[in-house]
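One chain, chain A, links the two complexes that follow: it is found with chain B in the first and with chain C in the second.
Here is the complex of A and B:
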């Protein structure tokens, strides 16, 4: 059995070491990789599974041990910076669901002022959400005449997916006034909410 | 990019200023007061247009008894 101790290393290093060790291994030999972060674990497991190998993973706290038996040839592609592209996704693996056109409970004017401040600073935030959902009166924020429409458009150009609840646009009779993003339904909204690691309800 | 941050004494003044500015030919946004600008109020108004009529804005806001301070800031 070969052991790769990749503790303290950040992606893509553990993955590259794993690939290298795998290349040097004989068929049916076992490889153990030790990493200390979740992202590396996920990436290595995914890479090995993509190669058609059976992966066993044991985690104690932050320490993850990945066990794999080498079988078949190791494909060349798959190990590169691109393999870590998912990290970026993981880093901003959160979404914001706007359920109203205000921030928090309390006086209407204050809530509306706060939500503007919230949305207008988002484009400069280092970790952007990957999706923003507008539900109920939240759709008002995404209408053409909304005072935060420019910030939302900026976020959209930066790759943030913007989704407005179609039922809600219909209810408020604003279907034609959506100024950003796309109209969607509850199926997609549930799917997006349930797939996200974090959901922020401002 | 250069922007201008308008700070006020209270959030009530920001609300009032927002209302006044929305009737004026200037594009602005409500933003949290940047960390490096000291203000009693956590919210500010940001103007992205560097050619805006600073004198006109100040005099209009002062007419409404609003105590406004303008700071220039470069946005990365």
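Here is the complex of A and C:
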């Protein structure tokens, strides 16, 4: 697979790179194009579909990944996940990174009360984050016996990706007690943080 | 220090136009004006409104303004003015007065402001009109244009809704200006090619309009933000006819085809494709590059003239010798068929 990373570029630059990569691609090989704006995504999809190629598109926040096989052969599962042209812009373009098990500075009791309120309120919020990351003592929030575990599970079923730092779980010796989401490493956490338009640190 | 007008401009010129689909939806339930003197209203999406004052005179009113298309303020002023004046010419009229419409940041340089206005003023003078005033606003991205009043005899109005089957379609300026502008921004186009587009955008459609009157042409429109197919579609819809367009006959700016070939396709062309392609039937033989050039948004583009077949030779001859050397016969008007536009 060939990858074109056109993040940070405006139309028509991402399309030029796509066209170039496609020309250099061998038949039946797959091309992945990554862009960070809706207009580029739509235009690249229109262009590829106009060439009779079938396009697959995945959007996480404002990051769009476009997959296409040269020569327009159908993907093996036969159905494209979502049609690019009709895809609506996802509003949940932010992530929340919890670096501790309380909210703000000040008395510990208050901080824990506040973080509980924060997370329990979140499922009712109109715009959900697309990912929540738990680092350092923040991992305590995602443990089985956490006071907000039900809310986190609810968020997870609503499609919010929940990620806990593996090193941190190890350090606190809580690796077996994670109650929600998945364990991840610093590499992935950096990827997610750097790809997001907005990161909230409560 | 020379001020670069293009700094911070994403969509310059007519590419900044709101999508036709959105506008159509917004105006959907508007009550139709019921005034016998209003000879051309918004119904047919014509270039300008025309209002009869008496049996000899009707006024043409139009406005157009947009963000910079080029770095030089004087040239921007000229282009924006030529583009705004063009709607009067597309209706077959002559310009009488114009008002400046200008937006620029509060800390804009005085020289820059002066140059833009001078460019506009020079074009209005060239058009035989006069600037009578204007309005300015403090706004982050500069924008300039005119509100123009023209005059036409009520019997000589040229509309975009009077094409007749059997008419021949003439285009007076090349296409691909939008593509070249996009290519300039990413340094993929030579200076000579770029300059040619700028000069074309500055050129008034006045001579062409006078030639249309000489040969009693009844139907024309100017090619701007919706691209050739977008404007042709409005003309075909308004006239209740279909059109055949020969993509091989379309005059193109040097370098435009090459830019499209590498994927330098401006967003406006995709937007126009989105709104117009469903009403167009494109033969398989039409290359993708040619198709996208037919959708390319033009700023201060040429006139698309629907002329009676018996005059076509004389009209094109006159146009070619009056400053429009790229003039070409690009198609013909037919009885209404399944699609409004057929491209081969």
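Keep this in mind: the second predicted complex is superposed on the first by the 112 of 202 C-alpha atoms of A that agree within 3 Å, B and C clash if a C-alpha of one lies under 4 Å from a C-alpha of the other, contacts with A are read in each partner's own complex, and residues count from 1 in each chain.
In this section, a residue touches a chain if its C-beta (ideal position, glycine included) is under 8 Å from a C-beta of that chain, and two chains touch if they have at least 3 such contacts.
Everything quoted here is computed from the prediction, not taken from an experiment.
> Taking the superposition as given, does A:124 touch the first partner, chain B, the second, chain C, both, or neither?
It touches chain B, and chain C stays clear.
> Applying the document's definition of touch, where does A:151 land relative to chain B and chain C: first, second, both, or neither?
In the superposed model, A:151 contacts chain B only, not chain C.
> If you count the residues of chain A that each partner touches, which comes out higher, chain B or chain C?
C
> Would you check which partner chain A:55 touches, where first means chain B only, second means chain C only, and both and neither mean what they say?
neither
> Looking at A:199, would you say it contacts chain B, chain C, both, or neither? Reply first, second, both or neither.
neither
> Quick one: classify A:183 as touching chain B (first), chain C (second), both or neither.
It touches nothing on chain B or chain C.
> A:69 contacts which: chain B (first), chain C (second), both, neither?
In the superposition, A:69 contacts neither chain B nor chain C.
> Kindly classify A:42 by the partners it touches after superposition: chain B alone (first), chain C alone (second), both, or neither?
second
> Would you check which partner chain A:11 touches, where first means chain B only, second means chain C only, and both and neither mean what they say?
Second partner only, chain C.
> Can you check the complex and tell me which residues of chain B touch chain A?
On the chain B side, the touching residues are 11, 14-15, 18, 29-32, 42-43, 46, 75-76.
> Applying the document's contact rule, which stretches of chain C touch chain A when the two form their complex?
Interface residues on the chain C side: 10, 182, 186, 188, 262-267, 270, 273-274, 288.
> Which stretch or stretches of chain A touch chain C in the complex?
On the chain A side, the touching residues are 10-13, 15-20, 39, 42-43, 46-47, 50-51.
> Help me check something: in the complex, which residues belonging to chain A touch chain B?
Touching chain B from chain A are residues 109-110, 113-114, 116-117, 120-121, 124, 147-148, 150-151.
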